[in-house]
């Protein structure tokens, strides 16, 4: 009754190993920024992780919408996988932002609009993951998570807009922003290489995480059908009275 | 509304929740004037079958119609007021009194709530009308459910374990309700694990096991 | 800030990135193995 | 369409009758919010000018964090037998959602008024707080819609009540910013209109999202 899950492919990991090696080398040898000095090298991990965090959540929204349309659990598993990876990259981006902020501005945290929004997103999707833990009914879980995934679509732009408007009134943008770095061609190329390596990491993780989601679903089904009276696709057997 | 001759028609219907199949290969027809008893062990799919007929569960495959409205379409909303469903557990709001529960139901169906008190009296709860539902016994709550059905006068009566938690008076009342509905050209489906109690009123019986009728 | 100290922060950032991503991938692998084992035990 | 609003009214009234009898918001949530207002000076100091300055922000924070509890309250409307009965009575899921949100709106307004009065007295706030009925109404409406939606999203699962505040808090940021900034703009003699409009947009968006997801959320399984 349980279809053996095929293992996710190996090629993304090979590609990741190569691209990560190239990206780290490039990030270490490229010339330092005139203003930021060696610290500018943090750019090559901070910006890609922030970018991927938002991409991952975007994928979650798309997959949620696909689930609501098609009602196929495969879309739900992709939404789930992407959300979890997104939360990890969001945490990474926030952590790296802090590591960059401390030597640059002397504080771990600034109320930059983008940083604030990232932190809020972190909690929105933490809530999404928590919601998924509240029921074992695959369909109900998928539907509820998808509705929250789409609710985030409509609400997050409002959060973004309100935060940006709030900060523009309260904080004149005097600080050096990461994206304020005057980027020459070699830095830009390095950033792109790094972005490619991070995206490869995302793809490789997606394959693995979707495989895990599939296994977990199979496990739930298997555990349910061994104690339930009506097995998934099993040959029906005469029921013993009170067998439930 | 006009009642079609065939009140329930299910053909090759399956119901699954998640990846578990609860009902499958269900072919089931109930005609006007019938009271069908459905027997089966706990977990055989009785309650799901009843909720399927009550349009509360969607079939995952197959087709069917209830009171002439095709399942899985929005037409079922129009026929719901003609369905009298009494589930295994009472569906009363605990913080409302018995009479308020009946009035709420009537108002939601846009019917006159005036007969609520006499309906309660006819199930022997005239004296408890203003008691909060949460302070009533399980049996009293079930009687109130039957009063709700009595007020609505449904064409299709769906009863889950109709005699559980009821004393003999109430059992007779339920049986009379079934006979009255069936006599008026309606139909009833009664599911139970307790064969003798339902045999008395059923005009026909079927068995359900492992989610299949036989 | 002297260049050497800046390099320390850079290494901290890269080490942090490495640890977070490796721990996450490892957690997926561990969970996959656990699920496979339990599925195997069921059959 | 009259059927829809009649159902909304019946559901909202039923919810309020339930609340009047159970008294959960009146006797638990509102006093809890009021004591939160008292706890802050105990924690950070009783310097009057400082409390006057941060008071409005504290008030709104208490409304957002504790007001959520109004939406979290367990409703017997969520149990399966009751949902079955309501569905058979022909209740439109969207009408049930709007009705419950309307009841939560009324309860949240009461919460805001009591906690607001406590804040005005304890922090010696000027009239500014009470001159903003628009923000009070909009915050109550937005939070009621968001909280009711979040509560119905988690209602099927276990541990649901603990999860609702986590879902609501980050998504209520536009309401919090709108309310606090409108108040600040008002105090500084600037126009609060933009902030109020932002709250209106948020509320409308939440209402649409809630009504659209009511149907799919009601299907069981």
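All chains are identified by letter, namely A, B, C and D, in their written order; residue positions are counted from 1 within each chain.
Convention: a residue touches a chain if its C-beta (ideal position, glycine included) is under 8 Å from a C-beta of that chain, and two chains touch if they have at least 3 such contacts.
Just so it is clear, the structure is predicted and the values come from calculations on it, not from any experiment.
Taking the mean of each chain's C-alpha atoms as its centre, the chain lying closest to the overall protein C-alpha centroid is D. Chain pair with the larger contact count among B-D and A-D is A-D, by C-beta pairs in contact. Inter-chain centre distance (chain B to chain D, centres taken as mean C-alpha positions): 38 Å. For the pair chain C and chain D, the distance between mean C-alpha positions equals 40 Å. We define each chain's centre as the mean of its Cα atoms; on that basis chain A and chain D are separated by 30 Å. Averaging Cα coordinates per chain places chain A and chain C 15 Å apart.
The set of chain C residues that touch two or more partner chains is empty.
Taken residue by residue, chain B touches two or more other chains at 17-18, whereas all remaining positions touch fewer. For chain A, the set of residues touching two or more other chains reads 137, 139-140. Contact between chains, as defined at the top, is found for A-B, A-C, A-D, B-D. Touching chain B in their complex are the following residues of chain D: 3, 6-7, 10, 14, 17-18, 21-22, 76-77, 79-91, 219-221. Residue ranges on chain A touching chain C, taken from their complex, read 2, 24, 27, 37-39, 41-42, 45-46, 49, 85, 88, 91-92, 95-96, 99-100, 102-103, 201, 205, 208-209, 211-212, 215-216, 218-219, 222-223, 226. Those residues of chain A lying in contact with chain B across their complex are 137-140, 217, 220-221, 224-225, 228-230, 232-233, 236-244.
Contact residues on chain B toward chain D in their complex (touch as defined above): 17-18, 51, 54-58, 77, 80-81, 83, 85, 87, 89-96, 100, 104-105, 107-110, 132, 148.
Residues of chain B that touch chain A in their complex: 17-22, 41-45, 209-212.
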